[in-house]
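Per-chain numbering from 1; labels A, B, C and D assigned in written order.
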Amino acid sequence: MQDLLTEIAEVAAENPDKGEVANYIPELAGIDPGQFGMAIALADGSVFSAGDADVPFSIQSVSKIFALTLALGRVGDQIWRRVGREPSGLAFDSILLLERENGIPRNPFINAGALVTTDTYLAGSSPREALGELVRFVRAAADDDDIHINEKVARSEIASGHRNFSLAHYLASHGNMYSSVDKVLGTYCHQCAVEMTCRQLALAGRFLIDADSMPALVSVERRRRINALMMTCGHYDGSGDFAFRVGMPGKSGVGGGILVISPGRASIAVWSPGLNQYGNSKLGTEAMELLAQKTGWSVFGVPHVRTDGDV
Amino acid sequence: MQDLLTEIAEVAAENPDKGEVANYIPELAGIDPGQFGMAIALADGSVFSAGDADVPFSIQSVSKIFALTLALGRVGDQIWRRVGREPSGLAFDSILLLERENGIPRNPFINAGALVTTDTYLAGSSPREALGELVRFVRAAADDDDIHINEKVARSEIASGHRNFSLAHYLASHGNMYSSVDKVLGTYCHQCAVEMTCRQLALAGRFLIDADSMPALVSVERRRRINALMMTCGHYDGSGDFAFRVGMPGKSGVGGGILVISPGRASIAVWSPGLNQYGNSKLGTEAMELLAQKTGWSVFGVPHVRTDGDV
Amino acid sequence: MQDLLTEIAEVAAENPDKGEVANYIPELAGIDPGQFGMAIALADGSVFSAGDADVPFSIQSVSKIFALTLALGRVGDQIWRRVGREPSGLAFDSILLLERENGIPRNPFINAGALVTTDTYLAGSSPREALGELVRFVRAAADDDDIHINEKVARSEIASGHRNFSLAHYLASHGNMYSSVDKVLGTYCHQCAVEMTCRQLALAGRFLIDADSMPALVSVERRRRINALMMTCGHYDGSGDFAFRVGMPGKSGVGGGILVISPGRASIAVWSPGLNQYGNSKLGTEAMELLAQKTGWSVFGVPHVRTDGDV
Amino acid sequence: MQDLLTEIAEVAAENPDKGEVANYIPELAGIDPGQFGMAIALADGSVFSAGDADVPFSIQSVSKIFALTLALGRVGDQIWRRVGREPSGLAFDSILLLERENGIPRNPFINAGALVTTDTYLAGSSPREALGELVRFVRAAADDDDIHINEKVARSEIASGHRNFSLAHYLASHGNMYSSVDKVLGTYCHQCAVEMTCRQLALAGRFLIDADSMPALVSVERRRRINALMMTCGHYDGSGDFAFRVGMPGKSGVGGGILVISPGRASIAVWSPGLNQYGNSKLGTEAMELLAQKTGWSVFGVPHVRTDGDV
């Protein structure tokens, strides 16, 4: 496994086309696109990494997994009254379908849906309390207390987040926003500004592996369902392409991170800040595709016995 | 496994809400919604069935799997220049996204995309030759020569298929239809009118199981990719919901049939003519959900060893 | 003319279907829908009125005419770089086309376009100064200093204006909002909260009559163009219907007021708070239709000599 | 008036940018874009012309005026159950709104709406009879029997008309097409292939002038309403711009012709085959704008007495 990771990191390093760093969040725009890190946490407890796997990055929309998990913990399946579970077929910040569907976002992984998720786990708490709970959850999942919110990034996103404010007010106009727009946006932008390394993120994802040896933070049924949502909706309007090429559930963030789960086997984190046309990490997506080819870990392939986990 | 199937069939029989039979194809409108059949072909070669598993039904859009396989065999990945691989987020016969995207259908499993698929495997052949090839492929996959096209259903669909004609002409207006509209529509409607029993369909689906013991009609990579498309796009705008509830790749047809693949383990066919709000078999979807719960066959769960295939 | 107005007011009084008072602005929701007023200012200087023509009401979107006139005075035709001149075919607060067209609203009379207009005449001023200029303009046009902004209504709209905040942030995300969203929204909501009577509104509209005897507040070309925009875009997605039935350029507001211009002849104001399905005054629209029938003032009919102005 | 027309034709001749000839109808694609003709029929019976005013051209969508008039004659206001009266805000052949609105086209001047119009006047007749009636109506209006359908153009449009076939089948799928799609399309394409000169078209438009001296082919109310529709919907998604710049009701065709009505005064035809971005004649639109400026004939300006008709 270590050899494989090293090989993948070399392929990434040699690729001249690193994609484009997102420039709409000023605080993130200046990041060097040449960086690449990857880490894998296996169901047997072993961890492997390569490249810049210990450099912290802004997890951005990868946080939507943790937020959804918290929100499900709060209200359970009642959340599906306020947000759907279907791929949107449109860009992550599109407002179009929201109008067609009277303020019910398509799924919790597009921005509008994630605002509903944040509003759900925020209910009745102060932003500080809710964010405290989120960070504690992520730290517990990763078994690492050195995970923090980057206040500067959060403020940069609030200051430049007109599209998200637009979505939140739109939801509010349909009665699908319970706390105030400012409070939800503030919490949401801080949630997105959590910083983690690939190693931390891979470890934090283990509760979704669906293996008895892993942290049991959610029920078996719930972790499968979260994986299903990651498969169909995890990469915005590039979700079908990711499923086609990688064949594993994943969730990407505009900071260049992707968390992928190989059910029963592994939690995999990759990071490279340059993005492809869908707003997903370019080198990260390619690395995941290569990993899937080399390991046969597509969920659409023959399931191996768990002891094959080390490939 | 037999006990499980029998139990599922009993649950279906007792459900008073059978859904609504599709009424836009006159020849199918009169079918008794009380029927229910199910069959499972395991990777070890064994086959189980329950209910009306030997009653032939119109496979309709389930045929899009076989059509796509043929088309990929013809032109390989070049087909992706003419059709996408993303969920549409809209109804199976929507024309809306087609306008947004200049005549490139979202995926091969919505009607517009399937018309492109038919146009692809039809290229250079007569409809009779192309349909002959399709039927031979299905018969070979099922290892059963008693599979036929229902000419009356085909003609009924041609006569009432204004929406499909509209889609085909729209594609043609964008230059994404190589044969004549009438020829493609005629072939498409005959393809949809293939009749199979659940047993035959389960057997025919084995080539997608991704197990060495199964018929090797397509390469390993291709069968995984077809499964990925079934997962993200197989149930129109109910694909996310099916993935969430069932967790296995599947493809439904308006005739009430659904083919589901448990990679490495099984090919499963279910049939019940009443449909839910997405146009997918209501009892069939519920039966697949129950099967997934009882077997743990969700692709998002712990992979079992292959010998666990008998549950 | 007085007899005609009296007759129209009687027809309105007897109509049992008064429409529905808009309820999304709390401060306006409690208004008695039984009220009806109408006033006509002729090119010869005479003024006629009937019903509740001296009751002040919230002019709401009728203010968009005055706002556009101010904005054109500020930047002239440069405003057309930021807003279009085409009917939207959609509801007054739709955000759909805004996404299709990258943040350029369809026309200055839907909410998104009016926010751009407000942003234009606001540029470089404080809201207080800009609103002062607006009120002075309206007072000068009406030759009446007793015209004021209802502060309570303005605050009620700001507090409940999620949809407008959504539109404004959306515009801002496309760089089509120069002042801050809060500043523009505050100014916009105060502008909408101007209160006028039918008599005052009819008098204030005279500068659009295009007659030499009228106040020359804008050039001949500009007043014709504003009339053209009122004709094609003045009633949201009911503009075509209004042109078809009334045949004169008009602009409605959700407070139940409508200002209509008979070029060369008259400025006509009507008010009744109950709305039809397009969000335009129901009795007001019907009164204008009756007036058009009785007078033959449709711009699509034979032009009479100006001395026929008294009908 | 003759001097004015001559001047306008000279301005057009000197304009180096003639626009682009439509190339989607093969039979029309080869036309020389340098041609320009204009003719004006005044309410007093006099006729003026300039340039290529006696060269026959394909009136294409200008025919929708005559078709609507026939259809209104057949079924009166019942036609508004099958087609709306609102601007579409989208291209002439867009199918998008049709899906949103369940098969009711926005107005009779976009292609989908015109297909409903054709289906209406066709009802119960053979295409030959219906087209005979149409041609007789146009000849009577123009008082000229030398007006014919170009069979080659009609066939070229049928052969290349995938978009229109798509629209017609879409309407049929919603039950909004009573005759067969082939029959309606055949009739529609022949209707569009009527050939007229500018002089003939100007004369044919006189029944819409709304002056007692003109042919009384429709009631006063109906001619005003047709003018209203021309104003709000006559130039597809460029209708607002045409109203803004020209200020008179008009209807354009992709063959480069435009018919404009100055109510009470004149019927004006212009022709130049090169189109602007909305699919309307470029030089023709500019000529109409110049005419409006020179004459003050905007319906939004001071109505002159009828004897001012000679300018």
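The working rule: a residue touches a chain if its C-beta (ideal position, glycine included) is under 8 Å from a C-beta of that chain, and two chains touch if they have at least 3 such contacts.
Keep in mind that what you see is a predicted model, and the values were worked out from it rather than measured.
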item: Far-end chain from chain D, centres as C-alpha averages; value: A
item: Gap in Å, rounded to a whole number, between the CA centres of chain B and chain A; value: 31
item: Geometric centre distance via CA averages, chain D-chain A, whole Å; value: 55
item: Centroid distance [mean C-alpha coordinates] between chain C and chain A, Å; value: 48
item: Multi-partner residues of chain B (each touching 2 or more other chains); value: none
item: Chain-level touch network, classified as line, ring, star, complete or other; value: ring
item: Those chain pairs that satisfy the touch definition; value: A-B, A-C, B-D, C-D
item: Residue ranges of chain D in contact with chain C within the complex; value: 84-90, 97, 106-107, 210-212, 220, 223-225, 227-229, 231-233, 237-241, 243-244, 247, 249, 261, 263-265, 298-306
item: In the complex, chain A residues that touch chain C; value: 94-96, 98-100, 162-163, 165-170, 172-173, 181
